[in-house]
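One chain, subunit A, links the two complexes that follow: it is found with subunit B in the first and with subunit C in the second.
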Partner chain A sequence: MPVINIDGIVKQPDGGKRILDNVTLKIEDRSFACILGPPGAGKTTLLRIIAGLEPPTEGTIYFDHQDVTDLSPQKRGVSMVFQDFALYPHLTVYDNIASPLKAVGSSKEEMNQRIKEVSEFLKIADLLERKPEQLSGGEMQRVAIARALAKGPRICLFDEPLVNLDYKIREGMRAEFKLMQERLGQTIIYATPDPVDALAMADKVAILNNGKVEQYTGVDEAYNHPATVFAGTYLGYPAMNVIKCSLVEREEKLLLDAGSFTLDVTALKDKLKSSAKEIVLGIRPEYLNISEEPLEGMDASFEAKIVVGEVIGSDTIVHLRLGEHLLKAFVPEIYRARLGKTVWISFDLSDIHIFDGLTSKIVI
Partner chain B sequence: MAKISLRHVTKVFSGKVVAVDDLSLEVPDRGLISLLGPSGCGKTTTMRIIAGLESPTSGKVFFDGEDATDLHPRERDVAMVFQFPVLYPAMSIFDNIAFPLQARKLPKKEIRKRVNEVSEILGLSDFLYQKPKGLDAGTRQRAVLARAFIRRPKVYLLDEPLTNVDPTTRVELRAELKRMHTELGQTMVYVTHDQSESLTLADEIAVMDKGKLLQYDTPERIYESPANRFVGWFIGNPGMNFINCRYQESKGKVYLDAKIFKQDITSISKKIKETSSGSDLILGIRPEHIEISPDKKIAEGIKARCILVEPVGNRKILHLQAGDEIIKAKSSSKIKVSKGDKVWLHFSTDYFKIFDGKTYQSLV
Partner chain C sequence: MNTTRRKTFGMGKMLALVGLVIYTAFIAFPIYWTINSSFKDINHVYTVPPSFVPPKPTLSAYRWILGGSGKNALAGSLIVALVTTTIAVILGIFASYAFSRYPKGKLSDSFNFFFLLTIRIFPPIAFLLPIFWLWKLLGLIDTYPALIMTYLAFNIPLVVWILRSFIDEVPRSLEEASYLDGFSFLQTLRRTTVPLIGTGIAVAFALCWVFIWNEFIIAYLLSGRHVLLYTAFLPSLRRGMRVMWNQISAISVLAAIPCIIILIVFRKHLTRMYLK
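Entry: the complex of A and B
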């Protein structure tokens, strides 16, 4: 049974442009959904509308088929953790977590039990007597999350909760978030600009761009079958390579003409039958293989020049120039290459995506 | 062009907070070094001391062998770029970039030439006649970088310049910065909390924690041979796994005894015995050096259960429970292991890093 139904939500301030444009999402009970998009996509506005902090201009929000669009935030049973969370500086960690429980009149025993549970889970059980000023940024963030979870809401909304934390703390918290949600069985909606958050934690991801949902599906599905150019490039790190091409027929062959190179796609002829002529070729960096000689058994090989190689521990991102195009290849090992060196990049046709050049929508 | 030396630099704020603790460091001429560490480690303070914005409580700063400790920031000829891009809102991007040259009253033709050059490299050519307002954070940060580069100062100091840029643009800008440095060959100090930026950009990385310099070395050495436990954890995505062990001698052989396994380490035992403070040891092993299989391959195989799978695009991070330990392994995205599965872990002693159980310093 879907717990949250977001149906045709529009947010348009008087005379302004649409912040949210007909957003429709079904979020299953006890699932982890990510709203992914760049700054200004409308992520925070959408969360605020779900929480009841802002009314939509059009559209309806249902919780378990019940229309809650006009319900006050207090009556929705939703808790929200913001990017700039605030703790009460004069209260201990325990009292900070307890404050929403006190507000609803929980008994002391009940409160102790809840706080014990969430604080052990979030590894802050040793910090309960401290004041916020004695905590690190990561610890404060855990306390804010504990406070949101302690009152046991069915739905938790998180607005970029990790964005102000050090990279290293973020890395550890992703796994914690995921385990916490599985243990406590809440429905989580998590807004973030970081594709790694979505890839690591979400069951489903809604990719939001300029107030519109570009794609909403399972994370693996979105990664393997992007619906639009934007969805393909945004969900991925490093981003998918995209090249504008024209589809041309020449001597019974079907070719993608990218200016400085042409790719024979005759094998995909049936699938491209009704495609537009102007298209966008997409290929993820990990599907580009780099070698000294053209690789046998691959569908396509091109010569390219190495622009720069970035070794990240055990992996390498190689930036290459192919004619006027700049491409990135992900090599899962340490690859040291001389700048300006000519290499071969090879790939299979089964690993490419083709998008309509005009609508940006997926063709194959 | 400049070589920078810091000798025994200490900075104490309000008489008690030690921000930088006896730090000595050489930045070679034309080198690109990175100051890396978590929030509050003293990296920004160190950079500000190099810039002359803070004076050290004790210790000296040298530029090209000359004492610059008391030199005014303006006399040091350094350009700085901060996390938040600061541009003059009333001026076009062109004028913002040209500003330092206009202030020096360079001929108009020369200014135009240099602005065009740097804008080309940083992909700003299309934005030159726009005002900063309305441009995204990435473009604004590019303009700030262009303004810093156009001056051609002796030293560039960059303080988390990519932190507030969206993740996709960050990868692009990182590669561009690396290219700019290769082309311009000027001395750069790059401050960040993101280890992947340091690993990809820097010739040498200075890892800091709590005001202290823990290791100053090439990215390869830092990654492969961390000087202590903190460096091993901080570098890598995810960082090194650590397993508490004991040094045990029996029948002429030496074993590394952890609860979950026992490994013969006779071949490397001499050095451990000579340098360790006691028999408590910590085994460090990188996630990519753990092999996972459905059956036991070698006697030392460790039985584990998969508790979480974090798919991160082209890789999978598996969280594995073995006894009381949680071990993270990095594998190909094609691996077929799901949550709850029982697996065997194998690791080769070739990749073992052994740290002292008390001092956390590297032994082997």
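Entry: the complex of A and C
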């Protein structure tokens, strides 16, 4: 049963351009939904509309089939962790976490009990007497989450909570978010510009671009079967390689002509029958194999030159030049190759994505 | 070498100290002289050479002030200043909130903000004739409402002007977090916004108080037998060719007390504003 039903939300300030354009999402109870998109895509606006901090221009929001579009934020029972944490600077950590409990008039004992629970869960029990200015970024984050969890909300909104934290804390927090959601069973809507957040935590991901939902589905489904070029390139790190090609028929063969190389896609003829002539070829970096000689048993192999190798931890992103195209290949080991070296890149036709060149929508 | 350096530093410090002593004397002497005169008999005020300590200390000036209309004048000033300042700050918080949070609203655009300030840019006397006739027409001359409302008109703009920049600095997300916690707008204003603009409120309160407490023209024109402010009472202390300096000094000493209390109570906030 969907706990949140977002139906045709439009946000358009007077005379301005549309920040959100007909956004429709159904978010399941007790699920972790990620709203993924670049800055300015409308993620924060969407969260604010769900929280009731801003009214939509058009559209309706239902919680459990109840229309809450005109309900004030106080009455929605939704919690939110803000990007800047929004801790009350004049109150101690204890009073910050107690704030939503005070609003509903909890007794002192209830409050102590609840704050003890959430602060121990988030490992901030020894910080309760401090003021926010005495906390580190990661601690402020935990306090903000504790405050959001204190009233035991069914729906918790997170607005880019990891953006202001440094890299090391970010890694640890991802696992904790996931654990927290599994243990406490909230419905979480999590806005982030970082595809790794979505891949690491989300059950479902809504990929937002210019106020429009490009794709909304399970995160693995979105990764393996991107609906649009944008969805394919945005969800995934390193980003999917995209090459503009035209579809041509030559001597009974169906070819993708990318200028500097052609790819034989005769095997996919049935699926490409009604396709437009201008298409976009997409292939994820991890499906490009690099070798000294053409690999046996692969559907396609091309000669390419290494531009640069970018070692990230124990993996390497190899930047290659194939004709006029720059490609990235993901090598799951430390690979230090001489710059300018000629190598072969090979892949299978089953690993490529073909998008319509005009609409950017998926064909295969 | 070290010692010489310490010595020159010592010299600089000495010079600075001497300078400060002279400056302090310059500032403090009039205060001392006022207090000195307030304890003198009127005949000792005019002696040549002047006496630096009252020859026969007496409370007669204070007794005279607190025994007659002087008491009413001080009480009147206290009531008008306290009521006006409090209302100005409370209304000013709401007004500056609107200007800060809804800068493109129908009533709170920059033109209106500027317009609000023009009342403070002109000297009060420029508005006084119409104000006087208005209260006369309404039969409110020599009443508290007329004085309080007139002072409010001049002081709310000042409060708004001070508080707006303070509210601008309070992140909106704090108020939104409070709404999501379950607090209403007014609860949020009281629990979150107001505590965070405490310095601004203290400064606005102090400046309003000083303006009203020291104001003469409005007080002189709008007060009368029923409602008297101490500044309007001062001219009556000149009798023919004789100025009652000891009484003027006594009322000055008494009038300084509320200002000193406000300074002491708000000193933390006022220095913070100065450092800003």
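As a convention for this text, the second predicted complex is superposed on the first by the 363 of 364 C-alpha atoms of A that agree within 3 Å, B and C clash if a C-alpha of one lies under 4 Å from a C-alpha of the other, contacts with A are read in each partner's own complex, and residues count from 1 in each chain.
Following the convention adopted for this analysis, contacts are C-beta pairs under 8 Å (C-beta built on N, C-alpha and C of every residue); 3 or more make two chains touch, one makes a residue touch a chain.
The shown structure was predicted, so the numbers you read here are calculated from the model rather than taken from an experiment.
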Query - Fit or clash - subunit C, subunit B, common subunit A - result: fit
Requested in this report: Answer with first, second, both or neither: which of subunit B and subunit C does A:84 touch in the superposed model?
Outcome: second
Query raised in the report: For A:239, is the partner it touches subunit B (first), subunit C (second), both, or none of the two (neither)?
Result: first
Query raised in the report: In the superposed arrangement, which partner chain does A:10 touch: subunit B (first), subunit C (second), both, or neither?
Result: neither
Report task. Check the residue A:74 against both partner chains and state whether it touches subunit B (first), subunit C (second), both, or neither. Result -> second
Query raised in the report: Who does A:111 touch here: subunit B (first), subunit C (second), both, or neither?
Result: neither
Requested in this report: May I ask for the angle at the C-alpha centre of subunit A between those of subunit B and subunit C, rounded to a multiple of 10 degrees?
Outcome: 80
Query - First, second, both or neither for A:147, with subunit B first and subunit C second - result: second
**Report entry** Per-residue touch tally on subunit A - higher for subunit B or for subunit C
**Finding:** B
Report task. Give one of first, second, both or neither to describe whether A:103 is in contact with subunit B, with subunit C, with both, or with none. Result -> second
Query - Gap in Å between nearest CA atoms once subunit C and subunit B share a frame through chain A - result: 17
Report summary line: Overlap of subunit B and subunit C contacts on subunit A, residues none
Report task. Note which residues of subunit A are touching subunit C in the complex, please. Result -> 51-53, 72-74, 78-80, 82-84, 86, 88-90, 99-100, 102-104, 147, 151
**Report entry** Parts of subunit C lying in touch with subunit A, wherever the complex brings them together
**Finding:** 171, 173-174, 176-184, 187, 192, 195-196
Query raised in the report: Which part of subunit A faces subunit B closely enough to touch in the complex?
Result: 38-39, 136-137, 166-169, 171-172, 174-175, 178-179, 193-196, 199-201, 219-220, 223, 233-234, 236-239, 284-286, 307-308, 310-315, 317, 319, 328, 330, 332, 339
Report task. Show which residues of subunit B lie in contact with subunit A when the two form their complex. Result -> 38-40, 136-137, 166-168, 171, 174-175, 178-179, 182, 193-196, 199-201, 219-220, 223, 233-239, 286, 288, 307-308, 310-315, 317, 319, 330, 332
